[in-house]
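Labels A, B, C and D are assigned to the chains in the order they are written; within every chain, residues are numbered from 1.
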Amino acid sequence: MTDILYFGRLSDVTGKPSENIELPSDVSHARDLRTWAEARFEAEGVFLEPTVRIAVNGEIVDDAHPLANPNEIAFMPPVGGG
Amino acid sequence: MSVHVNISDQAISTPELLKDFESRLTSSGGVVSFSGVVRPDGKDSRVLGLFLQSYSPMTENGIETAVGQALNRWPLEALAVHHRTGEIRTGETIVFVATASKHRRAAFEAADFLMDYLKTEAVFWKKEITEAGDFWIEPREQDYQDNQRWQQSETN
Amino acid sequence: MSVHVNISDQAISTPELLKDFESRLTSSGGVVSFSGVVRPDGKDSRVLGLFLQSYSPMTENGIETAVGQALNRWPLEALAVHHRTGEIRTGETIVFVATASKHRRAAFEAADFLMDYLKTEAVFWKKEITEAGDFWIEPREQDYQDNQRWQQSETN
Amino acid sequence: MTDILYFGRLSDVTGKPSENIELPSDVSHARDLRTWAEARFEAEGVFLEPTVRIAVNGEIVDDAHPLANPNEIAFMPPVGGG
């Protein structure tokens, strides 16, 4: 099981700040998560925005990053400071 | 050398934090503090408060990296960063930074530098709660420019 | 607009002054405070304290002129200057400056500007009381250079 | 009677921070005060230093300033801030 976190305005799209799910078997790389989330939340492209970054277990990764049963994945819109 | 970094959803009392900060000093001539207070005037309508999200430990790690840069760059005796998260009402303090050095210029510049980091690059997501509704706020161009100053003066 | 200028031989409590200062604010996003503490390390020997003379009302008038310049130059909501005179022991606070503005850069710069005035041009005479004797201290070249910055950036 | 104030290191020379005196009749301009103070305190030239300024009734004056029965005269070495 993996925690998926939706930060900032993404939680408005998903209706929740996080969820704990079994990753589908066809989600093998970070880029697959974007299309998976797009479809899951009918997100009108927000998960495909290049400024929305993906962090796996607390580390920012690029789209080509392979996913090996991660504990925690975060979708991060641009951070704006406090 | 005394360094405190704290991120919490508890209220910030600037005078109490400053008192605590000063009590740890022995040799500093200058102490600078900055506190940021939630302002009532939003872009379009009256702001009732903010909701601030952090992502632990990424938020803390980022602040500690900026703290390390400040310590490398200025001769500081002590440094404190307290940042609040969660729901913060207008008029309440969202951030407190304090720096202490033998030299006042170092204390001023280090506090200014840390505030620029905290206002532009720090890992926070911020929602304004206004009379007209709630709005997520992403970075302003001015904030990037402010932060840019420090990189320029390093290469010049 | 709230402006406080105070020169007195009474002890300065930075946290109390900051609390009082913050209580007067309604719209500021950023509050900067500076406190200057008597340092133990003198030029040649250990400093036990300072003796500071002012000349009233020339000292107050000079500070008020600098305060007026700060208010003209930066959009401040409030400003406070408290300066101590008489005998001040090492570790005690000699000066407290606070500024508040909607914009943190204005608050930082105004506090920095006022401190430069207070450390170079303000009408004070200062004697260091050290283990090796008492010595009157007159201006350092560095202080003049610090203060010079503000005139340069006005004409550029 | 006139209060004469000796600020900063000048009080080390005079042995007092101030005094209340009748100005001699030959002290008619600010410059005369310098020579008067020099003689009075055997001051080795400190009152003649151009960076030591004279204030009359709280206003800095130049050496040519005439003195018309002033209430307060101050000798001010360079001010150094706090």
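List of remarks:
One rule holds in what follows: contacts are C-beta pairs under 8 Å (C-beta built on N, C-alpha and C of every residue); 3 or more make two chains touch, one makes a residue touch a chain.
Please read these numbers as outputs of a predicted model, since none were measured by experiment.
Chains that touch both chain B and chain C: there are none.
Centres computed as Cα averages put chain A at a distance of 51 Å from chain C. Chain D has its Cα centroid 78 Å from the Cα centroid of chain A. Per-chain CA centroids place chain A at a distance of 28 Å from chain B. Taken residue by residue, chain C touches two or more other chains at 36, 119, whereas all remaining positions touch fewer.
Contact between chains, as defined at the top, is found for A-B, B-C, C-D. Remark: chain A residues 5, 7-9, 12, 17, 55, 58, 74, 76-82 touch chain B in the complex.
The residues of chain C lying in touch with chain D in their complex are 36, 52-53, 55, 57-58, 83-84, 94-95, 117-127, 136-140, 143. Against chain B, the residues of chain C that register as touching in their complex are 14-16, 18-19, 22, 25-41, 91, 102, 104-105, 107-108, 111-112, 115, 119, 146.
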